[in-house]
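So that we are looking at the same thing, I have put the structure below in structure tokens.
As written, the chain order gives the labels A, B and C, with residue 1 at the start of each chain.
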């Protein structure tokens, strides 16, 4: 039931990981509910809506293991005809996802950096290009890579709590968001808001994020699940085929840009993160986080 | 008095229709007022402003005949030095235009589909690329192709009635707006609003349409004509030459994209609409419309 | 301390002027304060923030001499490691800058037009592509080229006085803003506001300019300097390297477009401005300005 154009797009996306690290071959029987270590997945067969709940305390950081599990789970749902939409949310209080796991970018081998970055790319390609309706139910803060997950969905609902913030704050850490983070951001909030927010590394409190168009709707925390289900129902009321082709038309240019430059982008990341000045920045940032905790 | 750049652009646009269906050669005497079957045209010589009033009941649908008449009338005005601006409005109560005539897309030959689609392209190329100032005075609902006509103008004024709605709702019918509908929409409301509205096939009530930037102004029905004339006067206060070159600079990239891919776009439409699944969707939609009426 | 990517970008920008008109070689000792004829420059070493104050009465018009001095001063600051940000403001009451000096475009030789236009390009390339944080403290009206200077900064603060207006009003003079003025405008306010404002040659009063996103903030006149310093401090709190790379990522496409078409753009300007019809328009406009004054 997937339209040929969109399938072609997805097939252009190289299979996950490297030859040495293939995901396990997928079961042919449709999934109904499964839980691995870091993400709990439930599929409501009556509505065709799955929920992927991040439960990787303390902050749902996007480690290589998390990303691997994320991509495998999402691919299972993508290939399951009973599933038409997926809601992303968090099982960890106050945090949606803290973004890329900095420990994966610090003091590791260049091979490790490459593998990690390919997993980040894969995650984005799969969410931004998903044939399913994707809704982010953002029940906590969502900086950097966490914000990217939300931006890659079709719709963003955030808990109306000014203590929860969201944004691409890479510049605060002395690093630079890659061009496809930027492209996704510009497609959502426009060039000017993106330019300003990216340079300042802004983390916007929920109300400001809503005002800027970074999230589509604010709700009280106790209404979040209900609202996500209602929004999903509204999107699923449309015929899949037309909706998927329309989504592909809107997002294809930006997806294709990474697909065409994927290895170059890996190389850029590896070169950048391998610099001693960047390693130093990241170590300082981790020290600061540790001090904050204690 | 047309600037070379813009004229060149217009000449790149193939002449209307196929070799077998040329529009009648245009009169050299300037038109003042003429009415054919479906559109009433009046030119106020003192102001240089023409009004094209759609009077093709019940819903001003864009049939092949309507589009042919539309393009011939617009070309007459374009070539008339006494005419510098045109206001599009409807003579049919409660509806501006219902968009593409679905009967032209249902149960016809591929030749017919091709001819019809070229006429739709031609209409858009002529309005979006017009050297005249174009104002849409939207006095009723304006879905799909009707919305495209409005989006292609320089300025949109809509009657402030929440019962009147406007939008590119193709996805609701199981079909997909072509890329140049999308490009025109994105140029007007930005990427995010376009992405969301196109996937949901949203028809926005007038107040929401104004909020989103889909229309520029809302007025009470009895003030619509007056406001359209006032806006037109404001635009005509500028020197034509500079305004036309500026308009071309803003719209050329999007116009050129269709001009460069016109036949491919026809072929895509014909292939898509010829599919049995699409024919079925359209028949069901027409059945639904008939039931609504009775 | 400049990142390689951004430096490369800057080096792609041809050196100022023609071979025959090189800027004086720059002093190796860092500048602290210098004043030439038309722009007063002060560098606060403790904060690393310079102020460039336009003092070229009556209206700070961008003459060839003004632009030359502007580019030399800016380059000095760009190469001074003690300087990380620059605030542009005016020493002339009620006017930020009136834009391009029309006397440079009227009754001169084609060589003069070429030289003048290269200086306009150079100014924009240097400001829009600056590695420093650039803040416009707009304490007066800012039409046409004056608006471009402001648009090219990272942040715009304007005095909240509805008598002060800002915009790219070239169409009002019968001329057309070049594509890179347009690109800069679109990057700031989006396609639709740019399309409408450019065709109408709109000069927006400060409150409207703020509403449209053309300026980022409004303040009472007596708070302008204080606010500019505070905003600058906020931007300078970020690590230079990450901020500069991010800025380059956002602006490179538009900068590269002019760099790749620089000579063609000069030729277009010279051809356009040499037309008798355009010369006549400009003469009429200057007559009108003279009458206004007396």
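By definition in this document, contacts are C-beta pairs under 8 Å (C-beta built on N, C-alpha and C of every residue); 3 or more make two chains touch, one makes a residue touch a chain.
For clarity, every value in this text was computed on a predicted model and none was experimentally measured.
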Contact graph of the chains (line, ring, star, complete, other): complete
Rotation, 0 to 180 degrees and nearest 5, that superposes chain A on copy chain C via CA atoms: 120
Chain copies touching (chain A, chain B) - same or different residues, decided at half shared: different
Approximate Å spacing (C-alpha centroids) for the pair chain A, chain B: 39
In chain A, residues with contacts to at least two other chains: 190
Chain B residues touching chain C - in the complex, by the definition given at the top: 154-155, 186-190, 213, 216, 234-235, 238-239, 241-243, 245-247, 249-251
Of chain C, residues touching chain B in the complex: 170-177, 179, 182, 190-192, 194-196, 198-201, 277, 281
